[in-house]
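Notes follow the structure.
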């Protein structure tokens, strides 16, 4: 990768990075939506899902895109126009910022930050602002309820998310995502095994960060219609939808990087040149594995009530993740 | 044996349904979700409704004497009948000419019909029959008014009456032979 | 909450433009203060809403996430049944009343037909009574299976609904093979049932009942055993037994509060329940979980009852001797039965003509809804969905 990039002019490199970034976010999103939302959900419910658009419904996403494109762009009458219009973009910005630090291979990354995972955790909180903007800007009581619930929930589950990652950071000794991956291949085992508790807390936290059932109080369909997204239609709704699944894809990829060894496969040297080409595919497979878990939980469980949700985060997950950090630190120092 | 937490058992149920849908012939068979799912890909595949399903009403002209009982008993008054009397030749030579009813108009408006079956049941001459056909959607509501000839065409789709369960004392009815 | 946000000024001391500005500022303050009054945001749930099972409107005043006061407003689906029955003949009324509780539909016809038979002095033969009971119980199974799938959806779990719909199809197919209609059988006649069962129906129905039992086991695994479901439902919407009886609740809502009352067992009826070996399920807790649990057990019990009915089906005619044109003699009669939603009763007044003089329909859901203001006070907003789902009403039953 590096030799090719070095030959291009700066503007050409920027365009290439932009395109690759778009593809890196949108392609996994589309794959996840088709595989899990359309097909896996349908098979779990004894039905087939979309079958008409394309072979086995593979072009359904294209059809949905076209459908949303031609819908009327509705603004509620007393809505705050700027806030209402900007909210989906704020949510998407956080996703695109997240994908910046994701390494697909030893040199296949956009930016190699030394504080990679710290940056990722910080930037993922930006979506909270977007959701609250949507809830407030819609001038609808249902949206407001959804936005406020989202604010409480997302902020509550930030902490277990960050703390569960600290265990991995302690074991790897670095915040750099590439360093964490290489540390896993140096250790010889993926961090999911020594950090199993951290992995479970991470899974629960990203389920809550993505507002997926059982943590989808902000989008409680049977009470709030679609919560903070109620008043959106057309392309703006599609942007929220893409944001939800793109964030799921990116969080799963981060989970794969932290716990499942990133782009490395066993018995192959992690920093060899060939991994620049195979690495993204390996990462994609691992991302699909973690996304499968996320969506499996989504299909099976009813949702928590807001107070039960908060109780779970503050009184259960945070002490547990602190315990995880203490045990990891003890092991690191003693052994 | 400690009890498995209910949440894990629930995951097992969805996973089991997933595998039963994708691999209906067991783990050794090929993946065939179209066969394993409980849905039918209409309109490529059509499921036949039971024989008694109340799909559409068929009219056997020869039996109808325009007695108007069905039009009277219909809860929605969706049957429109007009008829007149004609003189038919006597049965034997030297007899009186017979009066026969001739149907001019027998329309059933399926936009109003509740598919209750009172007309079929109440007809004393067995001129109306149920047919399980249900695919007669139209683009215009006015086309849902089926006239005499269309109702006669539905007679071809009327299934024979099946036998009853054991212990029944009801006689199985027979369909009339196709009219000329 | 103080309303003094501007200093008091004597309005006659300033010129006109400033006067207007001053008045406008005071008005704006007052408006903001009213909206900031934490005595409630009024939220209108329905009549178009995913949680209200139809066109029900609930006006709730909320304080944050707590309900201060909730009031149901019914009548968006009123179709004027009782007026309609004054100008329809008895077979036509039978057709129409199928559509009151459109899910457990056979059960709607039975009390009316029984009341009319009482007035006519006619009794249906035993085979007809057995067939009626079998279809009644199958209507109950279809109705409650819808509930078992629908309540988890109100709580957020989408999958049980599909299992319920999938397995309900088998029951509906059996109802259709016997009567011709999945949802509106229109099969009862004064004096018996319309037609006999087609050959092979008993065997198919028994396999459908086995599927229903397998579905109940699946619901036990997926829903009642689920800790999230339990924590959402246990302790939510507790109805004490005496309060329930005072508000006129019936059916599984009362049995979920520990009241052991079921009209099938406690009231003499010409239908075949007295010949069967079955039990009434109750649960002492009285919360939403117990109502769900009681209905789950009732479905299983009903499927076993259908098996018993079909095993013991007596041979014989299916229709008593009744005249072709039904004219019910003058008199009044009230018959109520244990319908899937609760107790449904018909009070038929006849003056000896072709049409009834007056039919008063006592529906279960209308009385079940009366407890809603009492029950919804002080609960969280998500619990509104849980409680309404667990009370289980059908809008056609409320509004008629």
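Read from first to last, the chains carry the letters A, B and C; within each, the first residue is number 1.
By definition in this document, a residue touches a chain if its C-beta (ideal position, glycine included) is under 8 Å from a C-beta of that chain, and two chains touch if they have at least 3 such contacts.
Given the structure is predicted, the values throughout are model-derived calculations rather than measurements.
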Centre-most chain [mean C-alpha coordinates]
C
Quick check: more C-beta contact pairs at A-B or at B-C?
B-C
Rounded to the nearest whole Å, what is the centre-to-centre distance of subunit A and subunit C, using the mean of the C-alpha atoms as each centre?
42
Could you put a whole-Å number on the gap between the CA centroids of subunit A and subunit B?
53
Between subunit B and subunit C, tell me the centre distance in angstrom, where each centre is the average of that chain's C-alpha atoms.
30
Quick check: what residues of subunit A touch more than one other chain, meaning two or more?
44-47, 299-301
Which subunit B residues sit where two or more other chains touch them?
7, 10, 13-14, 17, 38
On subunit C, where are the residues touching two or more other chains?
159, 163, 166, 222, 226, 228
Can you check the complex and tell me which residues of subunit A touch subunit B?
40, 42-48, 51, 296-297, 299-301
The answer for subunit A against subunit C in the complex is residues 44-47, 141-142, 145, 213-214, 216-217, 220-223, 225, 299-308
Going by the contact rule set out above, which residues of subunit B touch subunit A in the complex?
7, 10-11, 13-15, 17-18, 20-22, 33-34, 36-39, 41
Residue ranges of subunit C in contact with subunit B within the complex:
88-89, 91-92, 95-96, 127, 159, 163, 166, 169, 173, 176-181, 184, 186, 194-202, 218, 221-223, 225-228, 230, 313-318
Considering only the defined contacts, which subunit B positions touch subunit C in the complex?
5-7, 9-10, 12-14, 17, 38, 49-54, 73, 75, 114-118, 121-122, 130, 162-170
